[in-house]
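Labels run A, B, C, D and E following the written order; every chain starts at residue 1.
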Amino acid sequence: MHEFAVLRVATKQLLPFIWLFALYVQTHGDYGPGGGFQAGVIFASGFILYGLVYGVGKARRIVQYRVLIILVALGALIFSGVGVWALFAGGNFLEYAVFADDPAAGNHLGIFIIELGVGITVAAVMTAIFFAFTGRSH
Amino acid sequence: MTTLGVFNYWVAVVLTMIGLYLVMASDNLVKKLVGLNIFQTAVFLIYITIGKVEGGTAPILKEGFDVYSNPLPHVLILTAIVVAVATTSVGLALVTRIKEEYGSVEEAEMRKQDEE
Amino acid sequence: MDPPKGKRLIVDFAVILIPVLLVLTAAALIWLHNLVAVVMLLGFYSLLMAGLWVILDAVDVAFTEAAVGAGITTVLMLAAVGLTGQGERPGQGNVLVALVVVAVTGGALFYALSDLPPFGAADAPAHTHVASRYLGQSMTEAGIPNVVTAVLASYRGYDTLGEVTVIFAAGISVLALFSRRHGDRKN
Amino acid sequence: MISSHLPALQVVLPLISAPVCVLIRKGLVAWMFAVAVSWITFVIALALLVHVVANGPLSYAMGGWAAPYGIVYRIDLLTAFVLIIVAGMGALVTTSAFRVAPGDMSRDHQNFFFGIFLLVLTGLLGITVTGDAFNLYVFLEISSLASYALVALGRDRRALMAAFQYLIMGTIGATFILAGIGLLYAVTGTLNMEDLAQRLQQVDDSRAVKAAFAFIVVGASLKLALFPLHAWLPNAYTHAPALVSAFLAATATKVGVYVLVRFIYTVFGGVFSFETMSLGPILMVFGLCAALVSSLVAIFQENVKRMFAYSSVAQIGYMVLGLSFASHTGLTAAIVHIFNHAAMKGALFLALACAVYRLGSVELSELRGLGRRMPITFACIVIAGLSLIGVPLTGGFVSKWYLVSAALEQDLWLVAAAVLVSSLFAVVYVWRVVEVAYFQSPPDGKGARCEAPASLVIPTVALAVACIYFGIDTEPTVGVARAAANELLASIP
Amino acid sequence: MGLALITPLVGAFLIWICRVDADLRESMSVLAAIVLILLVCSLFPTVASGGRPHLQILEILPGLSLAFELEPLGMLFAAVASILWLVTTIYAIGYMRGHAEKNQTRFYICFAVSLASTIGIAFSGNMFTLFVFYEALTIATYPLVTHAGGEAAKRAGRVYLGILLGTSILFQLLAILWTWGIAGHLDFVPGGILRDQAPPMVIAILFALYVFGVGKAALMPFHRWLPAAMVAPTPVSALLHAVAVVKAGVFTILKISLYIFGIDLLADLGVSQWITYVAAITILVASLVAMTKDNLKARLAYSTISQLSYVVLGATLANSFAVVGGALHVAMHAVAKITLFFCAGAILVASHKTEVSQMQGLGRAMPFTMTAFLIGSLSVIGLPPFGGIWSKWYLALGTLAAGERLVLAALVISSLLNVAYLLPIPIRAFFAPPPGDSKTTEIREAPLACMIAITVTAFACLALFFYPQPLYQLLSPVVNLDGAA
């Protein structure tokens, strides 16, 4: 892919926007379409794009395998951690209403955190799977 | 829009059949997974079609709208899509490993190899 | 609040066109034997599906389908095809059994769907029971306007935890499967 | 505080532990962690059973959203009973996985293995405990996806093909269930099972409901490997690592049967299922075919795992047959057999895991002289085999007794005879193994005694003992099963 | 009574403990047998005076419990089995050592477990318990049958297990379940538990299921296992396949006829009549087959098949005389047949001869053994002064009472056939000249332990002729025969 200098430059310019968009989708899921899952996928697609253009080897150096695995687990743990936190706060599992005096505010908070967990896991898993496949051929 | 409704269901039926046919009649494992994808999305289409309300809009509450389509099927299908992609990726990983072990992804070919 | 006429025309046109294209695309897959083309077509199919879902008001789903179906799935499939080869040997599967199963399933589905409540009817049971509470109360109960997100993350948040677990399972399954190198196992 | 959250913890505990397990880098630590988790899970299951027996069914609203708006866990006797089986097998199998059989599976990434294993456990427990139709689908997929991976970890390359086949069939089955649930939602507007049951009564002559019923029954049958939809099972169980076969054989198909029972009785109701849809004869035919054909096929297998896999298909036939009678006795037979078959198949496959550990293979010819080389393992195979045949004073006898009684109750004595004929087939295949292991001398130079490590042998023995114990003291199993059958039948208006 | 059940099991355990020391091991076996006899005999007075000791262990399902109740038939069976166990053990010590068999510990353990099962059958208080021990007996004897371990033994083991388990699961278990469904319980009750509970057709089917389900009774066409089992070492053939196993079979049929159906019910409905003919045919055909067999043990096996059907006859003729005759035959035939098997074993150990045609002139080398053989033969044939006559006498009375003259004829013909296939053996042994080879001269009598056993049983044949009274008195309450006799 070394010949496609244009592609490489363009990608470099594009990546921040992709990730920014991912962040927007992540945080904006409450008000418009989108949410943790879509954001995670978009975030991962940034890495995928990078990997496709610059070679997977380079991409892998940026995101270590071990880090990916930690992130994969972390997202899931954040989500279920919120559920357990609700237990300790005196509610049922995943009952966000107990996080604040106002149930709606509690829910808002809970939803924000779990969407974050979803985003992290999805982004990490998608990236990891992509790397796994592309790391296979050589 | 009513025609669309009936039409949509027919489309879902036809897509289900095509997807299932691809899964069962293909010998190539990748193509089986493609068929599986089509089969699943066809079922998703049924859900989404069920969720549509005449004259409604997307279920994002806004001033000035009071008819919304049903959000529940959307939620369910969001989850189902994730499940589908998860299944597909595991399936593809298996296919890749199979190729490495057998040197082929054609079912008949592998069966022949295993019988030897 | 009726949409302007021009937009309606486009929607009406798309309403007919997209399903027809969907069926054609899917059908083409049966006779297409180059797997790269098959995968690309599948990506196109997903995009079409996403479009149809926008028309059906499922914007979140459409967004996801576009990102996942047309995006990630296509990339992964292409990667897999790159590893496994493009050619498909046609016509080896068990066509007769497949046709019977397909016919029965299609028949059953048709039998069922033709008996569902009329399309889009606001008084269909699907809309009047549980869903009406979500639309009516989510703003006060969950405090966010996107009802899909509210249901997804709160009312049925547990399903979403399951969903994340599925993704997690897929992730570590793929990694576990690939933990072994080529030729590690013997016959 | 904790006690009131037990239903959630039952599933959430292994669910949280799976990512934790993946984070643990040392295989041994991961194992210890998984063992601790699975035993706590089992204790929770026991506590739930005790609670349900004492106080009746239990509900738990996830996220505090009451049914039908949120997802609700609902535990009645049958649920608690199946939970015990799943969690108990999970605990035993994780314990026995201390040293995964050499050659059976790669040793690195043991933490992944335990993580995936805990996910299967999570999924199966979640399916069992949930009172929400769609949530059932989600957890079904968790368990299935993780099982595909576990099966694929088998040593032989054919494990990959088996896993792929399993994936295709399993996904088709799950999608069928999904389609069925969608149709139900379209006509009722709810996903909660109890709510569904109530609302379905007003629309049960609708074609959509009938089709939904068909889709769900077929989907569940694929998952539980009802003849003739069982094609994936023998391959998967044969090529999966032996421990995985043990766990899946003892639990996964059982949970499939549970799902079938749930839908037939709780959601659709016995009247609709058996009178409107006349499910009885259909299940009876397939159950009988499964029992007879698969037992017969099992006789001719040279690979012992495959032999017992076919036997599993046959035994599932018994359970389905029990359901098909639509009677209290029949239902009791099915439920009791869920338990007893889990014990005996668990014992058999774990014993095979012991054999694989030492011998590397369970081709019949490799088991020569097993009786002398691994006497304890061999004794477990014999005991579990006797239970499989249905010899008195074993668990298998009790379930068979109820099954045949149920047939005779309705004067179906040809059916009763067929059940007995299939147990004769079981005699033949079990004895093929016994004969080889007992009479043929070990391959040259391999005559020494070589039991598998205690961590593997003790769970095997525990299950073999269970086969006998629950054949003698039947009150725990039959008592609960009868009460559970009562509960299910009482839900019919 | 519980002790009597446990004794053989304890014995098995002790044998296992003492497995390293052969002498100790075998003395344990003998000790267990002696204790068992004492225990069984101590129960005798109670039962003879009308007592019915009862013991319930556990209830598995409602109406389905492990329970024991001793009544005269069981008493008789238990006594015969336990006494002959002692004798056989003594015999086995000589035989196994003389024959240098391997795996002797396993042999003795299985032997003891088989005995435990047999006692369990004898004592069982309901059909379920009987079934449990019936199956246990099959499984415990399987390693004995296949003791030799060769291809032939394995094949024989397959046939053995196949027929016995097959018939019992397919027919007997079905019948038991059915009975349970009809009557709600399976207890053995004098007069039966099925009267007025089910239509005659069902009773008839049930009875057929039971009779054929008890494969151990070797009623044709389910007799193949018995000749097959002859590959076992001779003590096994002697005790198990002349006494314990086969007698367990016919004992079961007697029990079922008396206590599940009740002979009055059988007689009233006439449902057992055609089985009478099956039994008669079995008697004749098996006798004819026996004549064609050159292998001594095979000949004895077919003879056993034939004799077993006498007992079945006793049950199916369904009258008091026949039942007493059948029950007596359990004892009489056991003693006589075990003598014959002992002799066959002694011949094998001493001379390594198995074929009848090789035994010419053997009487000179082994006069003692051959005399015992003669005695056994005469008792089987039913000639005085040996015990066999009594059972045949009562059976004959039974056929007359039932008006089955054809069956009577069968009995008579069979006795003649017995003469034809049994007597030539001792006669030729004594009077035909030995074949020319020099080996014969080296043959001596079998080891002492064997000889003791043979002597005891041969004398028992004689004693039973003169003192059948205790048996008769024990049995008469079963069928209220006091008046009739």
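Quick note on the criterion: a residue touches a chain if its C-beta (ideal position, glycine included) is under 8 Å from a C-beta of that chain, and two chains touch if they have at least 3 such contacts.
Please read all numbers here as calculations on a predicted model, not as lab measurements.
Asks: Hide chain D: connected chain groups?
Replies: Leaving out chain D yields the groups A, B, C | E.
Asks: Starting from the defined contact criterion, work out which chains touch chain A and chain B both, please.
Replies: Common contact partners of chain A and chain B, which must touch each of the two, are C, D.
Asks: Look at all chain centres (mean of CA atoms) and spot the one farthest from the centre of chain B.
Replies: Farthest chain from chain B, going by C-alpha centroids: E.
Asks: Count the C-beta pairs in contact for B-D and for B-C, then report the pair with the higher count.
Replies: B-C
Asks: Taking each chain's centre as the mean of its C-alpha atoms, which one ends up farthest from the centre of chain A?
Replies: E
Asks: What chain lies closest to the overall centre, CA atoms only?
Replies: Measuring from the global C-alpha mean, the nearest chain centre belongs to D.
Asks: Give, as an integer number of Å, the spacing between the C-alpha centres of chain E and chain B.
Replies: Each chain reduced to its C-alpha mean, chain B and chain E end up 70 Å apart.
Asks: On a C-alpha centroid basis, what's the spacing between chain D and chain E, in Å?
Replies: Their C-alpha centroids are separated by 45 Å.
Asks: Can you check how far apart chain A and chain E are, centre to centre, with Cα atoms defining each centre and the answer in Å?
Replies: Once rounded, the distance between the two centres reads 79 Å.
Asks: How big is the gap, in whole Å, between where the Cα atoms of chain C centre and where those of chain D centre?
Replies: So the centroids are 31 Å from each other.
Asks: Provide the list of chain C residues touching at least two other chains, using ranges where the numbers run on.
Replies: 59-60, 64, 68, 72, 76, 79-80, 83, 109, 113-114, 116, 124, 126-127, 130-131, 134, 139, 145-146, 148, 150, 152, 154, 156-163, 165-170, 172-175, 177-178, 180, 185
Asks: For chain D, give me the residues that contact two or more of the other chains.
Replies: Residues 15, 18-19, 22, 62-63, 134, 138, 141, 145, 148-149, 152, 157, 179, 183, 185-186, 191.
Asks: Of all residues in chain B, which are in touch with two or more distinct other chains?
Replies: 16, 20, 29, 46, 50, 58, 60, 72-73, 76, 78-79, 82-83, 86-87, 89-90, 92-97, 101
Asks: State which pairs of chains touch, listing all of them.
Replies: Pairs flagged as touching, ordered by label: A-B, A-C, A-D, B-C, B-D, C-D, D-E.
Asks: For the complex, which residues does chain D have touching chain E?
Replies: Interface residues on chain D, with respect to chain E: 386, 389-393, 398, 401, 404-405, 408-409, 413, 416-417, 420-421, 423-424, 427-428, 431, 435, 438-439, 471-474, 478.
Asks: In the complex formed with chain D, which residues of chain E make contact?
Replies: Listed in rising order, the residues are 58, 60-61, 64, 128, 131-132, 135, 139, 143, 146, 149, 154, 157-158, 161-162, 165-166, 169-170, 173-174, 177-178, 180-181.
Asks: Quick check: in the complex, which residue numbers of chain C touch chain B?
Replies: Its residues touching chain B are 1, 15-16, 19, 22-23, 26-27, 29-30, 35, 38-39, 42, 45-46, 49, 52-53, 55-61, 64-65, 68-69, 72-73, 76-77, 79-81, 83-85, 88-89, 91-95, 97-99, 101-103, 105-106, 109-110, 113-114, 116, 118-122, 124, 126-127, 130-131, 134-135, 138-139, 145-148, 150-152, 156, 159-160, 162-163, 166-167, 169-170, 173-174, 177-178, 180, 182-183, 185.
Asks: Mind pulling up the chain B residues that touch chain D in the complex?
Replies: It comes out as residues 16, 20, 23, 29, 32, 36, 39-40, 43, 46-47, 50, 72-73, 76, 79-80, 83, 86-87, 90-91, 94-95, 97-98, 101-102, 110, 114.
Asks: Which positions of chain B touch chain A when the two form their complex?
Replies: Within the complex, chain B touches chain A at residues 58, 60, 78, 82, 89, 92-93, 96.
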